Amino acid sequence: MLAVLVRRLLNVVPTIAAVVALVFLLFSVLPGSFISGMNEDGRTTIDPAVMERMRKEMGLDDPLAERFVKYLGRTAIGDLGTSFRTREPVTKLIADRLWPSLKLTFAAMLFAIAIGVPLGFVAALKQGSVLDTASMVGAISGLSLPKFWLGLMLMYLFALQLKWLPSFGYGDGGLRHLTLPAIALGVSPMALLARTTRAAVLDVLNADFVRTARSKGMGESRVVTWHVMRNALVLVVTTIGLQFGSLMGQAVVVEKLFSWPGVGSLLVDSVFQRDIPAVQGCILLIVFFFLAINTLIDLAYVLIDPRIRYG
Amino acid sequence: TPRRGGTIRMTAPYGASMGSLDPHVTPRAQDDILGKALHRTLFNWDSANKKLVLELATSVTASADGLVHTFKLRDDAYFHNGRKMTADDIIFSYTRIMDGSKGYPAARYIRVIKGAVDVEKNQAKEISGLRKIDDTTLEITITDRVDPAYYFFAGSTAILPREEVEKGNFAANPVGLGPFRFKEHIPGSRVVATRWDKFYKPGKPYADTFVLQIMAEAAARDLAFRSKEIDTSILGPAQYVAYRADPELSKGVMEVAEMFTRAMVLNPSFKPFSDKRVRQAINHAIDTDLIIKRLVKDKAYRATSWLPLSSPAYDKALKPYAFDPDKAKKLLAEAGYPDGFEFELTTSQNESWGLPIVEAMIPYLARVGIKVKPKLVEVTVLTEIAMKGEHQAYIGSNLTGPDSLATLRCFYSKTPRTACNYSSFNNPAFDKLLDEAAQSGDMAKRNDLLRQANLLVQDEAPVWFFNYNKAVMAYQPWIHGLQANPTEITHQYVEDIWIDERSPAK
Amino acid sequence: MADALLELDDLAVHYQVGSRFQGGVKALKAVDGITLDVKPGECLGLVGESGCGKSTLALAIMGLVAPTRGVIRLEGRALGARPDRMETARTVQMVFQDPYASLNPRQTVRRTLADPLRLHGVGDKAEIEARVADMMARVGLRPEHADRYPHEFSGGQRQRIGIARALILRPKLVICDEPVSALDVSIRAQIINLLMELKDELGLAYIVISHDLGVVEHVSDRVAVMYLGRIVERGGWREIFENPRHPYTRALIAAIPDPFRRSAATADRKARGEIASALDPPPGCHFHPRCPLRADVCATQAPALEPIADGHLAACHFRDRTG
Amino acid sequence: MKGGTSLWVGGGLVGLAVLVGVLAPWIHLTDPVLAANLMNAEIPPGREFPFGTDAQGRDIYSRIVHGARISLTVGVISQIANTLIGVTLGLTAGYWGGWWDDLVSGLTNLMLAIPSLIFALAIMAILGPGLTSLLIALGLTSWSYSCRIARAQALSLKSQGYVQAARILGYGDLRIMFTQLLPNMLGPLIVIATLGMGGAILAEATLSFLGLGIRPPYPSWGSMLSEARDQITTAPWLSVFPGLAIFFTVLGLNLLGDGLRDILDPQSVARRT
Amino acid sequence: MTTPLLEVRDLRIALDAGGRSHDAVGNVSFSIGRGETFGLVGESGCGKSITALSIMGLLRSPLSLAGGAIALDGREIQDLPAADMRRLRGKRIAMIFQEPMTALNPLSPVGRQIAEMFVLHERASWKEAWERAEDALRQVRVPSPERRVHDYPHQLSGGMRQRVMIAIALACGPDLLVADEPTTALDVTVQAEIVDLMAELCAAKGTAVLMISHDLGLVANMCERVAVMYAGRIVESQAADAIFAHPRHPYTQGLIGSLPLLSARSRHGRQKLREISGVVPSIVAYPPGCRFNPRCPAMTDICARDVPMAESLPDGGLVRCHHHG
């Protein structure tokens, strides 16, 4: 377990380093500047003299290499810089958004797992049935819709027509406000999970050891609970990890649509306002989340798969 | 009679987050929606009478040369921390804004005060033009003969209490003089403020709570408004039509001619646009009225020239360019472009003055032989391009009020491109008119001169005059006391707003 | 005595396995000090159980894995660290075990056979045609098969294509790695017979790798028995099968069920226990944990491969004890 | 679901979209850009305008037909780019191994860790909206899947008998990669590319939503859908038709990918028979 | 005559492929007495495994039982309700599979996989079942069983895993053990050990064995009677000694002649191996008449026309050939 963790962490370090560098370089060539970004709504005129001074103040006119080195140094000690826009530390900006973001991603993933995995299971066990066909067509449909469109439809249906749930916003951060954005975000991983689970269960059902189990005189339900489930899980866990890890990044659209105060909407806003330190911070967080989730998944493997535990 | 209590639920429609809750830091219109609730400025816009009025002072007297203004300050204004406002707070706030190392956006207004620039350049610690007579009397010396009201009413010149600012982290705990005191901010989602009982207007504010929901997505706002989760919403053209057509919703639609002029700015350094006839031809070639009627759904007023409707120097008799493709063709032929030409038009995605308008212009210009290559950029980049003059033409929205002189200064030859002379306008006759207007102390005379200047701009056609914005706000039947503010419709004086029992938010 | 076509001198191939973070890197001694030679026209049988390093040896000879130590000499020339693959290709070729995996599913037979010729500078179209046709006829494929894809053939036919591919460059030595073990029982004889015919017609030398002692006995002139990377016994086929001197060889022979003789008779020669892992071979004689003759010395000293009679060598402390 | 059905249904839907795209110049009724007539603005679907008109008075049917070209171009070109990058890196990494493999694997992990939407967002912000930038943004950001597949395939194929045989016959590395490995890994790569096309079309819509879509005035389905979203309650047909076009095309691509997986992946064939 | 333990009569197994039904196995009849070891040989794809699976009642789509009867102790079991069949499986008929690598659940300790048998069939508690699993491992001579019960399959070598499979199969003392190529995947020396172990344990428990293999030598060596299958039919069945000494069917003859048997060369010198021409037919294209006819040296017109009947041989065997010699 520890060995896996250590190995994983050693692998993660260069990835993070590369991301840090990449993010810096990408955004240092971004056209437009945060000052013109203040005019996002087109309703503000800015004083050019101020602009010049601020550029200098923020070191934007320094040579790229110099800025890069400074940036690396700061990032290494966990200082993500100061937001151009709010003039607060980026770490604080992100910290404010972290909890809602985590809530949304976890809720979406929970939804995806709670619906997708059982659906895939049932579809596989009833392979070829109407239920199977219907759930798989449904799953593929879920993958074929733009998220913002799906979100609008959910709002329209559940908030405007049925009046069951609020259409937007964070509210008290509770379930009522969380439900719709979580579903909008969770549908595509749900669909993917349903499909992977189905394929995984079919794979396992065709495995030799399942035939062995049947030859022992085991009933189908026991075969499934004793031998199929865990083995299928091993195959599904990777998908869960990849989906889960990238969810925070995918949340951009949903957060924007539902006014959910997550890192994704901060990121988009910051991109449009050219608040480069904030953008860099957000991306680092999203990458970090991805790597953390996948490290956890690796550890989960160790728990459920003895071949890795003793390998 | 206004009911006390309840919650005002307004929306911030222009971006997915607030810039900063420190009013000095942010120049954004959206942030000022909140600013109106939390903070106060020396002057304020009175929407009912369409003029600027004193807010934190009870009277002002000007010296004979019009440069020294003595303000008698309110003595009943309390900061949310309970302390009474004094002249020191104004001096502190204006001095803070002039901190050159921070580049606060309102510096451009405060610079009008004598000695402010020295502070900005770090040559002085104090602004010499600010003098405290006593706690409630303040003397401000300015550098030009201008109406100080235009300079001290912007939200970014709000008066802040020194002790709170110096605690640091002011943006997280803003303290001001406004009718509501800050309660919580969930970045990216909403800001909540509660009634400030020691607010200086007796009996106000009415509501207990003020909530500002951040909702940049028009579609989401529409759905939320219809499901009664918000009290006000800004409408785009499509929804404007729908709301007006709806028997229920149409009762809650407020319109105002905002002081924004939408126009396609033509860059004279692009050869064809250096010829006045070409610029006029463009104005003739496009059926602007039809675009406004059908595409913008009448959610705008036809622009005749640069000055907007609510501008003091607006000329009601002025006729816009007529839609006349034949004349346009003739003008083009005269200018040496009988077969037209091609140009690149930089635009943003904005639904009222961006891409959709461009798409509607394309066929019209095509009919007179002019080919348009649209170039879509973000607003951020648009501003940048306009300032650098890298465009052949761009279409945008320009803040044009309420000071007509300041507005027309955008065509003054000495105004740099970066400070809004985006069309590099250079016309001696115009400069002369403007100089005279600036000298003149007589308001009527000044307005007359400005009217002539405005006419000249129309004839020169440095831009395609499109429209003046008609801002439309939808509101729920239970919200009362909204004002039609032509500087920015979302800027409401929340102390005057009250909510009746029908509100689902109570 | 003719000069050897192939000589191996103390050849060893060690694989690096494991990772730095998990248990550390270990050397897997797949082939560990093998000395062998093959003469022109001769067939050398190589037997041993799974994982003992037979295929690795073959790959090393083909230059596909780099030897860790030792020398490979082809017709007297030592192959360097970067052997000339083209030259080697024209001297030694290989037939693979799995006729299904060893043909490119997206190439016709013609391309499979003609491409190597082109690559090796036979530019003349007509000559290529002729050589392909000739080779197909030799291995018993009809000319109309030339434009078919592998999936259109049965296992036996595929193996014929594999043999044709190995022979198309007219090599002198062919290594056959389990040439029949993946084939249907009733097909095997066809392929064995074909291999023997081709050997005589073209004067080929073979190394036939197999774990089927019947096949090895049938085809070999000389036999080498491998166990965990080492040769434990080698000699002429008759000596090995009639007078095996290494207990492992005896155990192998005893393990083959003889339909004419019930197994009770050979029970005492059988090996017991599991084959050790090549990663962690037992000390001394690798075979000692399973050996019926095991003595203390076996666990400490590795016996050398030493002659018993002319051309018959065994690596056993008790090589002189018969039966 | 039977592989056959999804293959045919998916193939049919995609085929239809391609056909529409190819025939666009002949089957659209009016010019999707210049034929704007504000007098016709926002007419609901009817006889004259089967899909209705938009706020500019342009025929939505014509715009959908034309949009097929752009949306499919986005899907196809970006996937070709992704596949080329992914295969080049993955194939060489899997075949050669060593430090190059380590490097490529690291790069792949990096690309996986940064969500491709965000990567694309950054690239679009840098290059500015437009078709070319979109192609670059989508074509450079999601090659990690094909790279992984190509690498895994190369790793498993290189120990196959025929690859070894080729080496023994003296084939050079490049020749082996091109003639022996590549043709045999096309199956799964095509599947990935097909699914990726759907992803790219959706990504284009999403970027449009975020304001970083395709250069006007020529329409893509994504930009049409995103423009129409403000009128969901007032002029639903504006979003219904591009929405359906995207939905059915992406659905088709997904089904096609699934179906292809079934016929190209021998494992699932075994499962079916 | 006593009823045999297992009697298979006229077994037919259909394979659905591409909408058509193929006769994968047909006319298969044999019987196994109590404690007897019966061998079934034939080359790959001839239908041995599906015959075994049909006895276990484990045929799954696209394969199905299309006719015939399977009787255990005189009671026909082919149509038993699923629950009854389940009770027989494992308890009275057990099976060992070919691939020891994949036949065990990789995520479950081997002890548990054995213990399941006691829990399923003898209502033992898990605790008791684990203890008995350890005993079972000891019986199949796995060294230090008390440690090994907790091991996972990947920690065991192929031979060990096959021992575990044997322990599972014999856990409840079945009357019949169906061993489907139990040693094919193992090394020769290990194979010999496993075969011996199986024979020994079955003899001790009086378990009858249906031994399936493609290795004639192995089967003849182990079994009392042997049946040879070709293309879904049993073509010959005889006592083990007799089948080598006097093969009656041309296929059996060809098979024996084509194998390079050990010490054949030392005895007779190198002879060209006898070839069986042609290839094994595919299941979708079995030839009419005698299915061996395209490859048969003695083929005549009738062979291509009529399916040969099984004929009894004087010394108790059966052969299915128009021209058996």
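Per-chain residue numbering starts at 1, and chain names A, B, C, D and E are given in the order in which the chains are listed.
Everything below uses one rule, namely that a contact is a pair of C-beta atoms (placed from the backbone, for glycine too) under 8 Å apart; a residue touches a chain by one contact, two chains touch by 3 or more.
The shown structure was predicted, so the numbers you read here are calculated from the model rather than taken from an experiment.
Engineer: Greatest Cα-centroid separation from chain E: which chain?
Structural biologist: It is B.
Engineer: So which has more C-beta pairs touching, C-E or B-D?
Structural biologist: Of B-D and C-E, more C-beta pairs in contact link C-E.
Engineer: Whole-Å distance, chain C centre to chain E centre, using C-alpha means?
Structural biologist: 31
Engineer: From the mean C-alpha coordinate of chain A to that of chain D, what's the distance rounded to whole Å?
Structural biologist: 21
Engineer: Compute the distance, rounded to whole Å, between the mean C-alpha positions of chain A and chain B.
Structural biologist: Chain centroid spacing, chain A to chain B, equals 38 Å.
Engineer: Between chain C and chain D, what is the gap in Å from one C-alpha centre to the other?
Structural biologist: About 49 Å separates the centre of chain C from that of chain D.
Engineer: Please list all residues of chain A that touch 2 or more other chains.
Structural biologist: If we look for residues of chain A contacting two or more partner chains, we find 31, 152, 156, 256, 268, 272, 311.
Engineer: Scan chain D for residues touching two or more other chains and write them down.
Structural biologist: In chain D, 125, 128, 211, 229, 232-233 touch at least two other chains.
Engineer: Could you pull out which chain D residues touch chain B in their complex?
Structural biologist: The contact residues of chain D facing chain B are 33-39, 41, 55-57, 125, 128-130, 211-213, 215-217, 227, 229-235.
Engineer: If you look only at chain A, which of its residues touch chain D in the complex?
Structural biologist: Residues in contact with chain D: 11, 14-15, 18-19, 22, 26-27, 29-31, 128, 132-133, 136-137, 140-141, 143-149, 152, 156, 202-203, 206, 242, 245-246, 248-250, 252-253, 256, 267-268, 271-272, 279, 283, 286-287, 290-291.
Engineer: So in the complex, the part of chain E that touches chain C is made up of which residues?
Structural biologist: Interface residues on the chain E side: 43-44, 157, 159-160, 187-193, 195-196, 214-218, 220-222, 240, 244, 251, 254-255, 257-266, 270, 272-277, 279-280, 295.
Engineer: Mind pulling up the chain A residues that touch chain E in the complex?
Structural biologist: Within the complex, chain A contacts chain E at residues 207-209, 211-219, 222, 226-227, 230-231, 234, 304-307, 310-311.
Engineer: Hey, which residues of chain C end up touching chain E in the complex?
Structural biologist: Listed in rising order, the residues of chain C that touch chain E are 49-50, 154-157, 184-190, 192-193, 196, 211-215, 217-219, 237-238, 241-242, 251-260, 262-263, 270-272, 274-275, 290.
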